[in-house]
């Protein structure tokens, strides 16, 4: 009765909480809380059977990451919002089309429920160091 | 610093009546002196041309406007790159040179002082930051007043004393040197997408005319005894037929009593752009002879050329509506930048072409002005860098002034309208070296009130240029040699230090920045400050106390105090 | 024609900048002088001979000079940039700026080219058998003029902003092309035999410029106005020229084709044309 | 206890300059007039600070760290200097000089925020204004792909929506506010009209608006926006006394990038045939405009500047940090006041872990976590004076309200030390 | 002084040619029918500048493989006394007769390297497009640089090359064919004209290539600048004092030729004369000249025919 995954258009951006969090420090709890979620429309979340705070896997052509879901009745189904941060950057590509600017808004992503756990900042830095 | 003896050159120092005499110039402690020590360093200037360092009184080298030009024209930089050396920083040149390169290139031509001709008050901090990155040359910046809210307000109220107090305060707050006016009233109207069409049009909401703005600012300027007159970019710039507006404007300030020690009450800038006759760009012709006739008959006017050069350049003025118009004429890219409560600006790339009739005429007008105005002490050589063309073309302009052959050789390649619609072909005058020294140094320094500059008398600043050129052997047919030697000074000496040798920069001291501090009577100051602060709180987005330029931005500032005539 | 052969040795990991690889800079030089030509790796300067085996002959003048690069140069920038005459053949791929600002002669790349190939080209022929990157034949940033002459022929696919700010010359693409083809163009001719992604011809002014689409389009901007479907004579001229003088076989198939004609970009008062072949 | 007034906020491009900071001892106790983020910046500026310089994770003296940094940079063939936007202008100037003397590349965060805006300006120009003109005159304010409540919290109040101005004495009532975006945000709630545009459809919509302003009648829906809505907006724009478009990363980071801005600039320019119209990018970092400004006056170019040949060259897409890292080009990096490991796509960020990376920052970030050399520095605008440029290009003086935490040096001072050592090492070589 | 060819007597004289400016236009159309209609219309009423604005004629049929657009074409040449007096009639005739004719297009037939000057015909023609004309460029920076104008018309588009090569050409090539009777003379003349059509670079502007009236300069009537060629009218050969009609000749036709250069005209004259002599009943062939007073070209029949 729930679908396994849905396809959304993903946009990333600032939020005031992310701004507040990063000024406290990127190692802080506030920051972690402010950037490790993805906003889903209630409709989309409903079709996945995902509730507020549940973990979801976000996957694009460039990579994937697990974060928690945050439900929004303002978003239209098919659109999803991801606050800027190292988590979001796991799924965005580095191609800039000769402009220097990656596509941080408006790429296709697949969302599916997950229980893998949200990686910590240290986990992600370790991945970067691993060079994989 | 060791003493310096510039030995045996042909010296042109018109302020001191020296006209090509072979003599020594002695410098000690950064100043021209009568005597130097025995171990003074000797520059052999025998057979060479020696003048004071060049003084440019109208150029755009620092601040938001030129920086927009730099920003928007990567294609301009690509063709003129400047690598780093052991002494100098890397950068780019051509029409919008980087700050370092602007300093080097002026010095390489023997110029040692350059005035930034338009500083929006809100952008003053920016101007000074850039001036601090412009090496070698001395500088100052002219604060924009002609469309400032407080100017318009006090003109409307007819309160000359408050206007004077405001001018004094704003010059101090911006660390400015002179009162710059650009298209008075027109720029304020541009903030509604409109302009003024002449001296007696009205400014929206304030209901004052350009005539009132100019005359009252000129009156205030002279009563304050500022070192320089008002520095005026007239209305209707670039509009065929505008020579009438230009003459009207000159006439409007005729009755004003100049400050002590001078006769001028107005300096009209880049007059080439304001001496057009005709009704439109199709039938445009030169109005230079009419402007020159007026100037010859009226001692209260000085002007500079804004000579047009046939090249790709970048136009930039505080005249927003004109730049919009130019964008519509050219279709080139256009930047407009309005500044709250006080000013505006626009930038549009432009190419002056020899085969374009209007451009050919513009080229002719600049030279006509220079050659028809009899008194070289009142007409100055500029290209309005980079509007008419980059300042690096100064040697070329000088060759046109000094050689009729240089002019006619070029005219042969040009659109023939220059022959028919200007009087240039019939002008035989050729400038002498003494006159060149006047229009590039002595007279500009004098007009600016920089008493230690532009000459080599005892006590003058030790700014000297020496060129590989024997003026006694030179003939007008040798104009190409002249251009070459003026482009690369044999020596440029700045404050007694050799900064250029054989056209190569050898040292990069930071020159001074001059600014004017005009004292306001205390009571008046308190009253006016209260008014200004009130309007600031309401209408500006920058706090009143965050507005004035801090001293940190003037590491080499030179304060010039003036005492004005005050009625209250 | 005299042939000079360059064989890449071990190329550096960083891009090698070698604008000296042109018929112009080798003609009239001895092999020793050619080997000593400067090339750049990051902030270091090296000699051409450090990275290439140089063999063969040099000609007196560039127009008699053939330069053949036998090997992959995918990380070598500026190959053939600014060349004015002669022939330069690369048997492999080339890095950024290949043939940029070239004025004449012929540059043939058997592999693919990276971004800015043929940027601000003024004349000559640039033939890329493989794919081309972004900004093919485009203007460099800020410049009001992209291609002002010459021909670029691409066998494969092309990236973004191909032919941006084009003024003159021809761009012929066999494969598919990404968005913003011919943006701001003001003259020049573009032929695409593959599929054209959206936003092509945006803000084009006109001046005789057109984009002819033979392999379908993703969508046409709303600021282009459909006029008619016709078989214009002028297209026959171009297609015959493409077929007969440039060996573009694909062109020959469309001699009798009908085209839908769109005119725009009306957002800038433009009169450029989009011609889409009728199936 | 001391209250310092007229303090300029060093967080976003608004540079609000009316903060009142209460200081006791060397501690900030209060930040009046500050927004939530600004307050967080001032109040938490002492938290989570890096205490000492480290080289490969080991605590070392500042001199040793500088030496390690200088060695890595001086011996690099393709060093990159990146960041610059969250520090003051003197430090930015040092970054440019460092790139110059090392023959490297200097890039700033504009490349991933409003770099496309600059590319557009270089193509077609820009009709812009200082923010006060908006406050004093604008009766039509359009937010396009921007959301001030998330990133520029006081923008509405100080500049764009509610302030009473010289010719807009009614304040909010005197303005019509439009929000154009792909999703509803807090900005939509403030606006009089919300126009929802399809993902990646801004370009077509802006182009159609320009055509409509030129007199064309739009007859079909474009990018999900009904034709009549487009025609009506075009009419409203032409009839405004003064209008402004504040655009954000919704335009620069979505499909079309610089071309979205190019066409927005064209629309605004076109409107100047009818009325006064301007546009202004919502610049994020408080001094990203300064990074562009300083780099431009020193090199001619605003970002993505390469000094490999001894003179500046410019080409975004080639000399921009994201591209260079993705291609694996840099063999050393120095990051000043930025956190590319977190803000770049992972594919680019990971290269920083492979090369000697030197980072100057106040707090631990993903970038410091993968850097070889980490040097703690003082916070510009709180512990260090300097200049910053507002989003509209006008500069203000940043204040020093407290002494640097733990006596650390400023970016400028540390960079000076590195420059001096690099110069010496280069001389020796 | 004379000689014979195929038994026909040929006077050892010369045709006197004079300089004119000439241009060549290739008219193409959807099919040969329409190309010819346009060509005929365009070259109509263009026999002699005595009373026409120019002299024009069809040079040849151009096969599709030789035309720029691969359609059937007709090559037309136009001659005028000066560049202006060439360009103006060209413009008028193209405008009235080709632009109006369905499916046609026009191309320059004299490439720039062979031309003495280029006439900017398209510059004026394009205004017919009322602002909707499109400039078309080919070959910039790599091939032969060509410019065209595309002018929208009701049917579709009229494509016109922008510039046409003009050369200093030769007009006034001629020869007279005199036969026993009208039939023989006409047949010989027709054959002569057919032979001339094979020679490139030459046209015969008169009807069917032939001028039956001839003409001489001046008249007994003061108001006429030319009149019938009395010395060659058989009907008055005994009443006219200066008749040059030989005995036995009762019909004379003149072939008039204009060409791009002297050798072409002479080659064409030779081909025409040879063809004419093959017809039974032809007696005499001569050429008209004015003793060198009219033009600088003296094209001797002997020279042309290569007779020693």
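As written, the chains take the letters A, B, C, D and E, and residue 1 is the first residue of each chain.
Assume a residue touches a chain if its C-beta (ideal position, glycine included) is under 8 Å from a C-beta of that chain, and two chains touch if they have at least 3 such contacts.
These numbers come from a predicted model, not from an experiment.
The chains that touch both chain A and chain B are C, D. Using the contact threshold fixed earlier, the set of chains in contact with both chain B and chain C is D. Seen from the C-alpha centroid of chain D, the farthest chain centroid is that of E. Of all chains displayed, C has the C-alpha centre closest to the centre of the whole protein C-alpha set. Inter-chain spacing, taken between the CA centroids of chain B and chain D, is 34 Å. Centre to centre, using the average C-alpha position, chain A and chain C are separated by 40 Å. Averaged Cα coordinates give chain A a centre that lies 82 Å from the centre of chain E.
Computed from the mean C-alpha positions, the centre of chain C lies at a distance of 46 Å from the centre of chain E.
Under the contact definition stated at the top, the residues of chain C that touch 2 or more other chains are 115-116, 134-135, 140-142. Each of the following residues of chain A touches two or more other chains: 97-98.
Multi-chain contact residues, meaning those touching two or more other chains, occur in chain B at positions 72-74, 78, 333. Chains that are in contact with each other form these pairs: A-C, A-D, B-C, B-D, C-D, C-E. Touching chain A in their complex are the following residues of chain C: 115-116, 133-135, 159-161. Interface residues of chain C, counted against chain E in their complex, comprise 103-104, 121-125, 148-151, 168-170, 187, 189, 206-208, 230-234, 236-238, 240-241, 245, 255, 271, 273. Every residue of chain C that touches chain B in the complex is listed here, in rising order: 139-144.
Looking at the complex, you find that chain A touches chain D at residues 9, 11-16, 19-21, 23-28, 62-63, 74-76, 79, 81, 84-86, 89-90, 92-106, 121-122, 124-125, 127-129, 131-132.
The touching residues of chain A, counted against chain C in their complex, run 97-98.
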